[in-house]
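Below are two complexes that have chain A in common, paired first with chain B and then with chain C.
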Partner chain A sequence: MIRMRHVWPIATNTVREAIRNKVLYALLFFAVGVIGVAVVIASLSYVEGQRIIQDIGLASIRLFSLGIAVFVGVGLIHGEVERRTIYTILSKPLSRSEFLVGKYLGLLMTVWLQLACMMIAFVAVSLATGAPLSGGHVAALGLLGMELVVIVALATFFSAFTSPLLASLFTLGIWGAGHLSRDLYALGQQSGNESFAGASTWMYRLLPDLEAFNVSVQAVHGLPIATSELTLPILYAVGYAVALLIAAGWIFQGRDLK
Partner chain B sequence: MRNDLKPNQPLSEAQRPDDFRSRKAIRRAWRRRGLAGLAFCCALALVGVVQAQIPPLTRADRGEAFVPDPSIIERITLGFDAVLSDYYWLVAIQAVGGSAAVDANAGGHVGQLIDVVTTLNPWVGHPYRFAAVWLTESEENVRTANRLLERGINHHPEEWRNRFYLGFNLFYYLMEYESAAEQIQAASGLPGAPAYLPRLVARLRSETAEIDVAEAFLIELVQGTDDPVLQEGYRAGLDEIEIERKARFLDEARKIYRDRRGQDIATVESLREGPNPVLVGLPSPEPDSLPVALSRQSRWLLDDEQDEIVSSFYGSRYRLHFDAVSRAKANGWAAARQEGTLHAEERGSL
Partner chain C sequence: MRENGDAVVEVLDLIKDYRPGFGLRRKRILHGVSFSVQRGEIYGFVGPNGAGKTTTLKALMGLIQASGGQARILGCDVSENDFREHIGFLPENPYFYGYLTAREILDFYARLSGLDGQRRCRRVPELLEWVGLGEASESRLRTFSKGMLQRVGIAQALVHDPEVVFLDEPMSGLDPIGRKEIRDVILRLKSEGKTVFMNTHILSDVETICDRVAIIVEGRIRYEGRIEDFLHEDDLMSDVVLSYLPPELGEILEAKFGARVRGVGGRIELRVREKQVSQLLRLGLEAGAEVVSVTPHRVSLEKIFLEAVSTSSSHLIRNESARKGERS
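Our next item is the complex of A and B:
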């Protein structure tokens, strides 16, 4: 049973701890820099410059959000163990699962905070260059926020039982595989081999379908985005993250923290 | 300590005063810094010299071998399709550069790049027409451009310009008039399409008014591009059409002359000479847009070989294509197609 009155202090403390991390600011600085530099890159094309500015802006938000989620997220639990502060925390009437969920929510809030900063830079550059902004952009950035729900859950899951280096490698690996999962599924279906098709279907079900959260192209080109393209990925992200956190909780319960 | 010292005896290292030792340390530190600086300069010089030997080839210069297969790259973009598409679009612009025309090989390279661009992000707009403008140096290039335009039509069914460019390619380079008419007809019903497109369709279907069709296409192409080199080429075509119209006017006058006099003209000047002349004056044999300072003092001539009136400004009559190079190209492709068909028929009969 997760009690929010126990989780919330951990989460807020995690935010306070994370925003003191210099890596966070370095990544945020680069993200905002790339969004600004997009104006210069777009000037190399004599047409469709506004589209290029927004493509680069959304891509850099996606890339740097991933960077922040992975490189800041994977060290949070390890840091508590290394500083031995985890013993003090867990000596309170607080379960390990609550601690883990608190850490997760704290990191998620931090990443969303950074996402909001990058969004402000993106909107400012779009307005300054006259690039059109629409509801599609809100949908694209909102779904990116939901993709981060899954990525942060992955980072928390791996950091529950392994070192920061391995956790970051595993998270990045699953992120890459998550963007390829649809192709893997299609490959299996086209192969004509039943066992491979079955295996690829299982892989598709197991890996996160991160392409479901990518509507950047539709947003930039003003293409219609169906309601189901928004609601289903949101539900999917929540379900996937909850499943990962439950699994992480099981593993973390049995982990020897000495 | 002081009592142990004897006069005129050199001091040991430990006995020397601190300031002496620190001066030595400072000298040693400066020496180390100097050596490090020298090594830094040497390394910089090495980098400079070596880099000057490496040719600064960009991806655009490296040609087709460095363009990825679109079906592979679209699987490994990891959600960054749009930004990678933009990257290859900038490479395509770089590949064309400021050149007036791209040769057939470079055309293949540009075609591959635009294929990647439009595979990764098929909702782009201009790259389809960019391909149509630049892929004209071989029949294969034109057909590649047409395939890309068809992809553009699939993703932008409301965009009349993609159909217009496809129609132009079919008419101008491939001489497939019926297919061209179909595309222009489809374009004419789309939002923003110019009002003259239905007339263009009628002319294409009649196959009798090639210059009217070419003129209409060229006027639209001049208006549709900001590239001064391309505009100049299209305007040159319009100038040639203007002279062709004048020559056709003189052809009519020549017929009247024959009917009246029962004989052909000796020179083009005969049309305005003698009693009851057919014409009061001859039209200018040079384009109206030509500045007086650039006039070549051209004249109307009677080409004995072709038995037709020509302006000395061009030396020949207009045959659909707006310049000799593209005319030769289209004729060559048509001949190759014809030859290919004959060979196929021969193979079939065997």
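Our next item is the complex of A and C:
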């Protein structure tokens, strides 16, 4: 059973740790800078400058959010074990799963906070250059927030039992594969090879379908986004993250903290 | 294990195996460790480096899982969580979030321990004063000395007013003043009726403050009980100082009791077995001497400890020789 009175102090402390981490400010500053630089890049083009600004803006928000999530997330548990801060925490009446969920929620709140800062920069640049803003942009950024629910869960999952280096490699690898999983599935179906089709179907089911969270193209081109394109990915993200956290909790529970 | 209904910590045949690396054979760190800690006592868990003290404590705290045996605290298995509301733990060389202040870190631990806002507001400053960090409460922990961090560690262990406190090497690396401060804190805990379990290899501290000790060597308990209980009756000695002696009395006593006699001014000091003291005093008084003092001579824990370690080493040497003999 997960009790919020145990989870919340861990989560808020994780946010506080991130807020006092200067490296994260540097990353955020750099991300906002890149969004601003999009204006310069767009000025080099004769056509569709506003679209280029928004394309670059959304892409950089996606990449920097991923970077921050992985940078902080992979060392989330490992750092606590290495520094032995976890010893005193786990001597209090909270379970390892509550600790894990607390760290997860804290990191998620941190990356959402950073996402909000980048969104403000994106809106400011769009308004300054006269680029159109619509509900599609809100949907795109909202779904990016939901993609981060999965990415942070992946980073937390790997952090529960591997080193930060391996955890970052695994998380980035699955992020890449997750964005290609639909293509892999389609390729399997069209290949005519039964075993490849079966394998690609299993891969598609196992890997997160991260393209489900990408509606940037519709947002930038002002195309309509169906309600199901919003609700299903939200449910999918929550379900996938919960499954990952249950698995992480199970592994972490049996781990010796030497 | 001691037969006592008021044991707050009970460890029975605790075994811990580690695999040193992938594909390597398992190595046994704890070989059936058993002991018990009674309510209200200061219990010293003593052993050389690598003896298994910290491993035992980690198993008690649920940080590692035992490979066999049982460990119970306040009647609960250590794999449970609820009894943790009643225990405090200070790990060896504790590390805390350096970006927090002393007040913030205690508030954090108090929240984890389930204290509500009102109790936290009262308990945190009270505890900071108690461990002598009242004036440093708003300083970041990264600026603290080792002694100050140790006191923060003690404070976090006590923030929820636990019944049992586990301390891993609480005096290690501290200067004499820091050690005395921690000793005083431990004695104060005892006076408040709390049970203290202390891992250490500083024998003088154990001798000074512990009610009972266990000596662990190479993952096995060699002794458990009061320091006095470890000794043979013959090891219990007393120093007797007599004055105004008739000239021949010193020699008579030396011959009769086989005592070591040391002359100091007009007095003599004799070290005799405890059971001989009353007979010696009777003889001395009958001969007209005056008794200046009778002081029980405490055999150093160091002697017992070294004996335990050397017994273990010779046991190992014997085993090694036997193995070599079998091979040849």
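Just so we're on the same page, the second predicted complex is superposed on the first by the 258 of 258 C-alpha atoms of A that agree within 3 Å, B and C clash if a C-alpha of one lies under 4 Å from a C-alpha of the other, contacts with A are read in each partner's own complex, and residues count from 1 in each chain.
The rule is short, and it goes like this: a contact is a pair of C-beta atoms (placed from the backbone, for glycine too) under 8 Å apart; a residue touches a chain by one contact, two chains touch by 3 or more.
Predicted, not measured: the structure shown is a model, and the values here were computed from it.
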{"item": "Partners on chain A (chain B, chain C) - clash or fit", "value": "fit"}
{"item": "Which superposed partner A:Tyr46 touches (first chain B, second chain C, both, neither)", "value": "first"}
{"item": "Superposed model, angle subtended at chain A by chain C and chain B (C-alpha, nearest 10 degrees)", "value": "150"}
{"item": "Partner chain(s) touched by A:Leu169 [first = chain B, second = chain C, both, neither]", "value": "neither"}
{"item": "Chain B versus chain C as contact partner of A:Ala199, first or second or both or neither", "value": "neither"}
{"item": "First, second, both or neither for A:Leu257, with chain B first and chain C second", "value": "second"}
{"item": "First (chain B), second (chain C), both or neither touched by A:Ile56", "value": "first"}
{"item": "Contacts of A:Leu180 with chain B and chain C, given as first, second, both or neither", "value": "first"}
{"item": "Partner chain(s) touched by A:Val217 [first = chain B, second = chain C, both, neither]", "value": "first"}
{"item": "Which of chain B and chain C A:Leu90 touches, first, second, both or neither", "value": "second"}
{"item": "After fitting on chain A: smallest Cα gap, chain B-chain C, Å", "value": "33"}
{"item": "Chain A residues contacted in one complex by chain B, in the other by chain C", "value": "none"}
{"item": "Footprint of chain A on chain C - complex, ascending", "value": "18, 58, 61-65, 81-82, 84-85, 87-91, 93-97, 99-100, 108-109, 111-114, 153, 156-157, 160, 166"}
{"item": "Complex contacts: residues of chain A adjacent to chain C", "value": "5-6, 8-10, 13, 16-17, 20, 83-85, 87-95, 254, 256-258"}
{"item": "Parts of chain A lying in touch with chain B, wherever the complex brings them together", "value": "41, 44-48, 51-52, 55-56, 58-59, 62-63, 175-176, 179-180, 183, 210-211, 214, 216-217, 220-221, 223"}
{"item": "Interfacial residue positions of chain B with respect to chain A in the complex", "value": "75-83, 85-86, 89-90, 93, 121, 123-126, 226"}
